[in-house]
Amino acid sequence: MISQPPVNIKEILKQVVSTKPLVYHMTNMVAMTEQAHLTLAISASPVMSLSSEEAAEMVNIANAILINIGTPSKEANEAMLSAAHAAKRLGKPAILDPVGYGATKLRINLVERLLETGAFSIVKGNGGEISLLAGERAEVRGVDSVGSPPAAIAAKTVAQKYSCIAAATGPEDYVSDGERVYVLKSGHEWLTRISGSGCWVGTLMAACLSVTEPLPAAMSALSLMGAASQIAAEQSDGPGTFRIRMFDVMYQITQNPDAFSFPQWELLEV
Amino acid sequence: MISQPPVNIKEILKQVVSTKPLVYHMTNMVAMTEQAHLTLAISASPVMSLSSEEAAEMVNIANAILINIGTPSKEANEAMLSAAHAAKRLGKPAILDPVGYGATKLRINLVERLLETGAFSIVKGNGGEISLLAGERAEVRGVDSVGSPPAAIAAKTVAQKYSCIAAATGPEDYVSDGERVYVLKSGHEWLTRISGSGCWVGTLMAACLSVTEPLPAAMSALSLMGAASQIAAEQSDGPGTFRIRMFDVMYQITQNPDAFSFPQWELLEV
Amino acid sequence: MISQPPVNIKEILKQVVSTKPLVYHMTNMVAMTEQAHLTLAISASPVMSLSSEEAAEMVNIANAILINIGTPSKEANEAMLSAAHAAKRLGKPAILDPVGYGATKLRINLVERLLETGAFSIVKGNGGEISLLAGERAEVRGVDSVGSPPAAIAAKTVAQKYSCIAAATGPEDYVSDGERVYVLKSGHEWLTRISGSGCWVGTLMAACLSVTEPLPAAMSALSLMGAASQIAAEQSDGPGTFRIRMFDVMYQITQNPDAFSFPQWELLEV
């Protein structure tokens, strides 16, 4: 069953470019640099900090907050909790990317404490992470596990459990508001041969979330990622050149969204 | 009014290549990797560390020190203060890049304490940061604010206030020794669509500062950045390929400065 | 004297691709991102963490552990020691890269404490680091010192001293098991004009170490690095494009090792 997606991606991208939202990233040390490059490539503005002493202030000046726990540390964890509380208090839109959820007790506890703040309108992860968050059995292997088909059900469960939009990424991406589940078949195999492509989606979602609602923000970000990866792959010889081309293509698309077509979401029977 | 710049950039770059200075970077986690790549591309040698336990020793073996507060943390802040004191004590040339100055109390306090050491012969920042340091009203928006025309006055004020060379970067770069202000019209729009281009300037200034005085070091670094960005942009399709080409071009220029021409500084009436 | 190397690199690379080992990196903030990209380019799986609170758990799920002390910090140092003890206890293969050994007291003490755990079956470093570890006089200059010819003797000494395979990298790479010393003449000058190429070798060694013994793992990794760098350099205009091409070529080689030839190791009279 194909459905018109509840999202006008071109309008959303134009609003990002015209408003240049400040996206406060509390993110892992692996993807941080490229998330900053990506934010600027789409004409938004990044600020990255894991300092516990300025987290609440940064939330205050940011248009959207992205918390990604990929490389936890004592100070960063404290900072993330401080930022989540501030986001809730100030009503700032916030996204959680529970990277490696389930791999260690530390990550499980940290994610639980973050979710208890009630700050997050989008929770995104790979299929394995979202499945574990849903409470199902799922294989998590490091931080690069791919989603299994049950990820669609898991997305719906997580959306209900935490009253948020949940996105489970993988060869197929699933987004759910707790009632409906949408599926996107897009992307490119090389997204799995570079590090941080899932983290980049968080950046795109956060930028979109500063100008629209959580559901269209999550869906637009994944459509953009899918479209860009297919174009970039055609211009590349492997995962190295592909990764760099992604920034060119992200820039080109957001400068002129009308010149591009985007992969379509479908409503899924779950 | 056009003036012969008080700087022989080609000689300075040749001295960097022949002396291979060790540049100790205490810098943010976003730009750190690319600052290391850049240091090596211009034939200097980088060492990056934010450890408070080795900061003073690192200053001792370094030829120049760059302190960039872009991603503060408790240990990094302590390390930066320790390094600044050591640089002053040992007479090592040091540069301060007060990234995000004004955005949070933490950054304001950290920069004040760093400046109190009297260690810095160059203070560089974007126009917003330098304007705030000068004590003027200025809009700072995250860490990517662009300089307004008052940035020239601000550079002069900061140079006087802290007895240093001050550089305010932006669409136009301003460098002042507290008496004169020089302006450079160069660069490329894509420098604002990648993260860390301002941080890279700090790396270039530090490498030059190990072989020459602060004023020509600051001016040479900005001329090099301007020249390289214009060449790299011509070879690129967007901010991704542009960013990578920058390292090729930086290498090519520094291997053979005589084959290149550099944008000229002008004396400004302020 | 030329000898058939005791290593079947093509088989080893095929095993890496088919088993997709999880390589736990405790590595410096400069090379971390590109080590993650490299791990995925060769079809292995990376997890990066410097958290002291999850180090032992991460060792438990990892197939190989790489400890690289390039950017020490209080928490990271504690985490590394915790991981080394866990690796010893659990019998997990582990590699030590003592980046900047000798530059500061902190690094000397940290490396000593790490080596006391007896966890490491491979110790790799540049010629200067390995020479200092061997107890000889050697010039170390920051973290990019190049090996002098005595590095071959140093590798043999370190292998004996710590009952491990020792690798000293540089214009010539030396690998020793404490009895024999092998030499590889390969690579490209641009490996010294980018940051982290030595760290990347650690990643490759760790991936190989999850499927074979330490000696062939160390030799395969260096052969792969040499082969890839020569191919990548031919496709590049400088250290920037070279660095990115490396990921393409690493992917291409590991997807189809039979289509490539690798530089040969020779037995050295030491």
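Here the chain labels run A, B and C in written order, and each chain numbers its own residues starting at 1.
Just so we're on the same page, a contact is a pair of C-beta atoms (placed from the backbone, for glycine too) under 8 Å apart; a residue touches a chain by one contact, two chains touch by 3 or more.
Please read these numbers as outputs of a predicted model, since none were measured by experiment.
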| item | value |
| --- | --- |
| When chain B is superposed on chain C by its C-alpha atoms, the rotation angle in degrees, nearest 5 | 120 |
| Fraction-based call for chain B against chain A, same above half, different below | different |
| Centroid spacing, where centroids are CA-atom means, of chain A and chain B in whole angstrom | 33 |
| Per-residue multi-chain contacts in chain C, two or more chains | 29, 32-33, 75, 244 |
| Contacting residues of chain A [partner chain B, same complex] | 22, 29, 32-33, 36-37, 39-41, 43, 45-54, 57-58, 61, 75, 244-252 |
| List of chain C residues in touch with chain B within their complex | 28-34, 70-75, 100, 103-107, 141-144, 192-196, 236-241, 243-244 |
